[in-house]
Structures are given as C-alpha cells and as structure tokens.
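Labels run A, B, C and D following the written order; every chain starts at residue 1.
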Amino acid sequence: MKTTILIHCPDQSGIISAVTGFIHAKGGNIIYLDQHVAKQANVFFMRLESDFDDNTLNLEGFKNEFTTSLATPYQMQWSLHLDDVLPRMAIFVSKYNHCLYDLLSRYHSGELKAEIPFILSNHTDLAYIAEQFNIPFYHIPVTKTSKNEVEERQLELLKEHNVDFMVLARYMQIVGSRLIDEYPNKIINIHHSFLPAFAGAKPYHAAFERGVKIIGATSHYVTEELDAGPIIEQDVTAVSHTHTIQDFIAKGRDLEKIVLSRAVKLHVKRKTMVYNNKTVIFS
Amino acid sequence: MKTTILIHCPDQSGIISAVTGFIHAKGGNIIYLDQHVAKQANVFFMRLESDFDDNTLNLEGFKNEFTTSLATPYQMQWSLHLDDVLPRMAIFVSKYNHCLYDLLSRYHSGELKAEIPFILSNHTDLAYIAEQFNIPFYHIPVTKTSKNEVEERQLELLKEHNVDFMVLARYMQIVGSRLIDEYPNKIINIHHSFLPAFAGAKPYHAAFERGVKIIGATSHYVTEELDAGPIIEQDVTAVSHTHTIQDFIAKGRDLEKIVLSRAVKLHVKRKTMVYNNKTVIFS
Amino acid sequence: MKTTILIHCPDQSGIISAVTGFIHAKGGNIIYLDQHVAKQANVFFMRLESDFDDNTLNLEGFKNEFTTSLATPYQMQWSLHLDDVLPRMAIFVSKYNHCLYDLLSRYHSGELKAEIPFILSNHTDLAYIAEQFNIPFYHIPVTKTSKNEVEERQLELLKEHNVDFMVLARYMQIVGSRLIDEYPNKIINIHHSFLPAFAGAKPYHAAFERGVKIIGATSHYVTEELDAGPIIEQDVTAVSHTHTIQDFIAKGRDLEKIVLSRAVKLHVKRKTMVYNNKTVIFS
Amino acid sequence: MKTTILIHCPDQSGIISAVTGFIHAKGGNIIYLDQHVAKQANVFFMRLESDFDDNTLNLEGFKNEFTTSLATPYQMQWSLHLDDVLPRMAIFVSKYNHCLYDLLSRYHSGELKAEIPFILSNHTDLAYIAEQFNIPFYHIPVTKTSKNEVEERQLELLKEHNVDFMVLARYMQIVGSRLIDEYPNKIINIHHSFLPAFAGAKPYHAAFERGVKIIGATSHYVTEELDAGPIIEQDVTAVSHTHTIQDFIAKGRDLEKIVLSRAVKLHVKRKTMVYNNKTVIFS
C-alpha cells in the first residue's frame, strides 16, 4: 500500500528522525522524502512517500498512533493519502476550450491521475467536449441576481459528487466566498498574466498597451482577494512589437493550458503545500 | 560610408518605394531594411542601413534633398547616423558593480561599440573600476538639499563631454526632470523586476513576499513616471520556495547585467524606436 | 487582393528599390517587407506582403511583367501567393494523438489558416479523431514489402487532393524518396530531440542515458538524409535526475506539439525560405 | 559546527531512518535532507546538512562510528565536509577572459565560497586579471613535445597548493590522463554547445553550418572521453538566420560564463553526486 504523508509544523530539532523512525518501526519503506524549512516563518514542511505491506498495516491504528506520538507533541498539521485513491476533480469552464481539451487529453492518456465526476459551465458551448469524453456536464447559468442560488447549486453538486478539488479552466465568473471557504487551497485557477502584473480583466490588452516584451500565465489557488492567492506555477513567452493583441492571445493560450495542467498535476500528486499565502512545491 | 537612417511617420502607401528609390538614386546600396506599421496608431517605422561611395556623397546635400523630397511630404521624423561615428555614452552608478563590470568588459572586448567619456557616481566605491579601465570618474554626492545643484553639475558634464545617451547601471537615485527633458529616450535604466510587476523600491523583497515562481529584470527608457518608461528588453528566471531573498538577489544580478547590456547594445546599434511609450525593436 | 511574394536571388545593389518601385507602379500598397542577405553565400531573400485593387490588377499580366522586368535580369527564383487561397495540407500520423489534436484544434479555431483535405495513417488508431473533426481518413498500412505500393498510393492521394504540403505529425515511417523529390521543402516533420543531438530512433531514451539537463524538439523539412533537413523551429525544456524516461516522454509531448504547430503556422504564412539546407524564417 | 554528508549506496529499506536516527543520537540537528533513488540502477543518494554543538562533537569518533554502524552494513560510499572549510579551487585558462572574470567577480563578492590558490594558463594574456584580483598566476606553456612535463608540473602545483578541484574556464588544451585519474569528478569544464550536439572543436561554426535555431553551453566533469563526462548544467539561447557566427560567439559567451558559474557553485556547495556517468544535482 503506497501512501503520501504531508506534514507542516513549527520547526525544531529531530522531526525528520522521529518521523522516519516511526514509519520504519511500522514496517514502512520510505520511497521518497522531501523537506523544507521556511526560515523566516520557522515552519517545517515534509512530504513522504512510503510503501507498506497491505496485510500487516492497520490504517486506523497507524493514524491514531501517528497523532499521539508525533502530530500532537510536534503540533503538526498533517494528512495521509492512499496513492490508489484518486482525487476527484471538478472542472469549471465558460466558452474557451483550450484548457479543457488539454486537461482532458492528459486525463484520457493516463498522465493526469484523477477522477473527473463532472464538468460545470455557465454556458453550453463546451457541452460537446464533455460528451466526447463521456463526462457529465452541468449547465448553471449566472446572472446578476442568481449568484446565491448558483453558489448553492454548485455546493450541492460538489458535495453530491464527493469532489476533492476544483479547476477553473478559464471559468469567467467570480467564485463565491462559501466555495472558497469550504475548499481552501482546493480551487485552482489559471490567470492569463504573470501575476502580480496585470491582475483582473483583459490582461493581454493591458500587456499590449504597456509594451512588455514578455507575457505570462499564472496558476494559483483561489482566495477571497482576486488573483492574489498562492501561486503554484508560472511561465512566460517572449513577444515583440510585431505581435498584435490577437497574437498575444494566441500565444497566451499555449501558455495557459500548459501552466494550468502543470499545476493540476502537482496538486494531484500532493506536491503542493500552502503557508502564508505562498506555496511549497515539491517537484 | 555606412549609414543608418531611422524614420517614423503617418502610414501611407508608397513610402518604402519612395525611400528605397531615393537611396538608390543617390548611389546608395541598401544593406538592410527593417520596417513596421503600428496598425492601431497608423504609424510607419523604418530602419535602413545603406552603403555610399565616400567620394561621391555630399552629406549636407543628401540631407537637404531627403528633407525636401521625402521628410516634408510624408511628415517624417527622421535621423541619419554615420556608422563610424560611435555614440558617446555616460554611465551612472552607485555601489553595485555587476552591471558596470559587464558593460565595461563588453566595451573593452569591442562588442559594445560606443565611446565612454565618463562614469559618474554618488559614491566613491566603484572609482577603482573606472581606474582599471582608464575612464574618467566623477563623484557627485547626492543629499536631500543638493538635488538642484547635482542636476546642474550633471548637465554640465553631459554637455561638456558631448554625451549622446546615458546608462543607469544600478544608479540608486531618481534622475531629475531636466535631464529627462533634455535626453528623451536617451536614458536607459535597469529595473530589477519584470515590470509592471514590482515597480519601485525593493522588488526582490516584494517578489519573495508574493511567492512568485519567476523573477525578472527590465531595461527601459527613463520618463517622468518612475519605472513606467518604454520597455526595451526583459528577461526572467525561475525561482522556487527553496530560494531565499539573498538567492533572488544573486540570481537577479545575472539577469540585470545581461538585460541591461542587451538594451544598451540595441540602442547603440540604433535598433530602437519609441512611440506612444512603447518601443519598436529591430533586432 | 492581398498577395505574398517570395524572392531569392544573387545579392546585388538596387534589388529592394527595383522590386518596391515595381509594386508601387502596379498600384500595389506594400504592407510588410522582410529581407535578408546571407553574406557568406551572397544570396538575397525577400518576402513582400502587398495589397492590390482587385478591379485593376491583371494577375497574369503582372506575373509576366514581373518575370521580364525583375526575375530574369536579377536571376530570381520567386513565387506569388494570393492570401485568400489557403494552402492544402495533408497530415500523416501513426498512433500518437497529441500533435494531431493540437493541429486540428488550431485549425478548428481558425488560428491555422489551411485546408486539410485528408489525414493519412499506417494504423487505424486515430481514425476517430478524423471523424470528430469531419476530415477524410485514409488507412495505408506499411509492411516491409509494401513500400513501393504505399508510396504509389500516397502520391496518388496527394495529387488527387491537390495537396500543397504535408505534415508528419509523429508519423513513424520513413517517407519515400519520390515523395521527397516531388515535394521539396514541403514535408514538415517533428523530431523529438534538439537536433543534431539524438537523431534517429528513441531520442528520449538516449537523452536519459546521456544524462542531459535539457531536452528538446525540432521541426524540420524532410530531406533524403534522416533528421538532417533544414530546421524550422526548435524548443527545449529543463529536466533533472528526478525525471524518469516516462517523464521525459510526457514533457517531450508538450514540446513536440507546440514546436510542430509553430513550424506549420510559419509555413502556412509563407514565412519560411530554404537555402543551403538552412531556413530563413521571417517571423 | 555545520556539516554536509554525502552518501550513495545500494538502495534498501530503512536507510533514511537509520541515518537520521544516527545524526539525532549524536546531537545533530538536520537542517536539510535531499535524497534520490536511481530506480534502474537501484542506487540510493543522500545529502544531509546538519548542525552539531562544537563542544560535544568528537569528529574522529563520529566518523569511526558512522563507518561501523552505517557505512559498512549499508555498503555506503560517503564523505563528510565541514562547511567552514572552503574547498580549494584552481582555475585553468587560455586567452578568453569572460569566464574567468565572471568566476572572480562572484568569488570577490562572496557569492562563490571557495579559496583560489592559483590561476594557471598556457598563455600570459590573462596574467593581468590574476594581478587585479591578487591571485598567484602560473604560466605553463604547452607544446607538442612538452605534454608530459606540463602534466608533471601541473600535478606538482595542484599537490603543493592542496587543490580540491579544478575549473577549466575555456582552457583550450586537453587535460592529461593522470590529472583526470587523480581528480575524478573534480575537474569542471565548460563546453560551448548543448552536448551531445557539437562535441569537439568549433561548435559555433558547426551550429551555424547546421542552421540550428538554438545554441547552448554545457558544463560537465572531465573524463577520458572528450566532452562526454557527466553533465552538471546546461542552458540555451535562441538564434536566427539574422545572426552571424560572430553573433553566435558573442551570445555564447554570455551562456558559457553563466552555465560554468552555476556548475562551480553547485560543486562548491557539494550539491553534485556522480553515478554511471550522470549527475544527481540537489539544487
């Protein structure tokens, strides 16, 4: 049984030794260990892939003992994931298809190891893609006055389908506070600029206007403040005076889909941890 | 005699044919022609390298005729440069030496084809480098109350040495308005972020705080508004949670010197044109 | 009527003036002019986008006069393309779908301005994609003994459909000499390494074995010598000791599709010229 | 007392737990732990930064016990480095100054934490730089017949100065077998191409001839086979048909110095391990 354990806690001497000793004592073989100390904040982070013999490991007992022996004394926040339980990911889209196609083709080829219980959109334009890939599609239109009901309906769907995290694949609506509260660091957005430059609407137009020589895309966890959540992944590409806004948009599409897919894959592999509105990425 | 001609004017049909026909009629051989139309603004830009027989070309006559036949009817702003007249470049520095060393080593190897009449600093820390390279060094300290005199003295030096353009190689003072007015699009700065992100002071600290995954550097012409002038060149490098602010600064130094040197070389080769606070770079 | 003219000829003084003067005299407005001189080989290249009044231009007359006045005296090889006549592109594939999907989604969105008369494969695996996009699909299996007939049948199809150029979107067969001869600089391949490193089979395995820190992809025109034709476009991505061969392959897929699509777009816009087994790319 | 321990051994269960438990038992605080398993070769690699109380640690006793308790049973190859003992680095150069300047300016600013007992060259051109930085300079000319004596003299100098590793900063001579044997994985070279492409002489000329769109530089450990040793670091930059061989060389210089300095810094921080002619880089 392969497991991934994520830990963060106040830094102090002896944590690595204590944790690895515990795993070893329980018959686990550590396959990979990543660790980081955020010096300024004095926080210790660890990600641990281990392999256990299925016949001998009592999962509940393991968790209880881990809590008593390690989590409580070291004040850890921690989680344990079984590698053969795939995370369940809902995709929110509007009208652009490039990010959706990219995610689904990686899903389809087995590169992106997640379940996709449904695709949700405020428009019907991309329903045909959901159909191509045989994934349920929900159309929840958004109007100025429907925001509360929309959020209610979204939450219902997420609960009903046991969704673990959401991907906003160029979903052109603001996500409501209740969703953000219920899914902290579990809503991944793609913004079409190298944040913090050009937050908000029409970043390619703003980049063109400013005359930058590089454009970018940023994938981040969604927080209350628009385009200000913890950054997971960024990438850029060169532009010049010869490019029109349309060229920026076309080049940007290639960035957006790659950057978003990279971020989603990191999340699915539990390689991201969040602290102080920043990410630790164990890549 | 090799020449470079830069032109910009309202776009209309027939300009290229008219200009190249004129050059040809004057016995010039066009070596390279670059051209661009900014569609939204309807502005035409051209850069033309030509070779003339030294014995037959009357330079004053050529300029007069160009004005009458082309510049006036097409409402051109234009300039003609002789390739063997090197532009005269003053370098302003404070205490950091990496950009200065980089520029001077390119100057010394012949890669950067400019004259350097002097280096100016508000500190004396880098005087030894000026001495190593045998270039006059002026120390003009800046205090809160001396700004006017400083600017006066700087202008005198620039005039006295027939300076064509200035490079702020991590000069940590605001350049005064009179200098900016007298040298429009002739003062090149390096800012240590991918503008417009992190304009102003301490960009690496701000980038660290924000948790970006990419840091950058931007070289631009100085205008009245801080860090908001036309961008000439930008580049970026990846960072991660493992990097401290000191690592950002060290990685940034490598970017700054390369980006600044690229921008200076483009300017020296007259490959930059400015319009609407943006650059056309004929690279 | 928008046109693109491509010219190459021995370099000499006055060509640009002669050509632009001719276009102007025929009532054409030059929209964009790109030009290059390969100094060592003394060859002049030009690409010219012009706009003509449809009512007054006699295309045959124009071509005849261009030949007499310019092409013959200057020994030009030249071609004229009407921008509203889309080039006809056949796609050859085997079993991998990522490049095919990428091309077709750009075709579908209007970003790739070409006709696609058919998709051809030596397998049937990707027939479903052709069906999704409503494009004819031909299955021509290849065996050791069928090579001649295969080539015969391919040529027939290409002729029958008036194909202008071919894209080998991870087509895992050697293309025959007759095709190469009949379509010189008109067969675009994607090779999954930064050529000339790792030419031939299994480049990701070879790259892994060698322990490189960067992998790449190269799009080039097909010539008789394997993976040795004129390079149109290359790109790379960083790898490390943490990546397996499977990771190399997954990262490589992202490179391959982007690099191939860029090359195809350059070809479709007639921005590529070939000389001495190298390309001039007017980007 | 800060220490860095490097370990590699056959992979098996329990190593991490055993090592971290040992360090903890000896009063050490593990600051950073990096680890990797090369699956195909079944080799385990670890790098461990630990902090010990200077008053209580008996270094010889620690080493003996580590050998008995861990190194012998786990068949480890291992080394322990004290962080305040700077490695001693000799620099070999010929006539190009860019890599030398870059290394020395990083050394001078404290970014490169090494001692530089001497600079050695087969020419006298760069003696002035050694003088600027106040570092002993040895001129050992190389002729066809002097190779044995040269190697003898080099070895003497290296021993005499207790050199830990060498950097070939564009040293244009083949290093002899005896040096390579005595300093395995301790001679760092910079090659001016993205290896394995363009190994050997004149790579920029070969790259120009081939018409590549990307050029690169590679830093690697020197082995008997020319340009075929374990790669530490690579980087690339875009080129186009507009660039001459001279442009390739100038762009390449910027790559070479940055890539070499990165590799040297990784080596100095003991972040490189070598196995099967490949590197593990704990960056």
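Everything below uses one rule, namely that a contact is a pair of C-beta atoms (placed from the backbone, for glycine too) under 8 Å apart; a residue touches a chain by one contact, two chains touch by 3 or more.
Labels paired with UniProt names: A, B, C, D = Formyltetrahydrofolate deformylase.
Computed from a prediction, not measured in an experiment: that's the story for all the values here.
K.L.:
Given the two chain pairs A-D and A-C, which is bridged by the higher number of C-beta pairs in contact?
P.N.:
Of A-D and A-C, it is A-D that has more C-beta pairs in contact.
K.L.:
Tell me which chain's centre, taken as the mean of its C-alpha atoms, is farthest from chain A.
P.N.:
With centres defined by C-alpha atoms, farthest from chain A sits B.
K.L.:
How many angstrom between the C-alpha centroids of chain B and chain A?
P.N.:
42
K.L.:
Could you please state the distance in Å, as a whole number, between where the Cα atoms of chain A are centred and where those of chain C are centred?
P.N.:
38
K.L.:
Which positions in chain B touch two or more other chains at once?
P.N.:
242, 283
K.L.:
Per the contact definition, I'd like the list of chain A residues that touch chain D in the complex.
P.N.:
Those in contact with chain D are residues 13-14, 16-18, 20-21, 23-24, 29-33, 35, 37.
K.L.:
Where on chain D is chain B touching in the complex?
P.N.:
Residues 97-98, 101, 105, 109, 111, 132, 242, 250, 254, 258, 283 of chain D touch chain B in their complex.
K.L.:
Provide the residue numbers of chain D that touch chain C in the complex, in ascending order.
P.N.:
Residues 36, 38-39, 194-198, 210-214, 216, 230-236, 240-242, 244, 277-281, 283.
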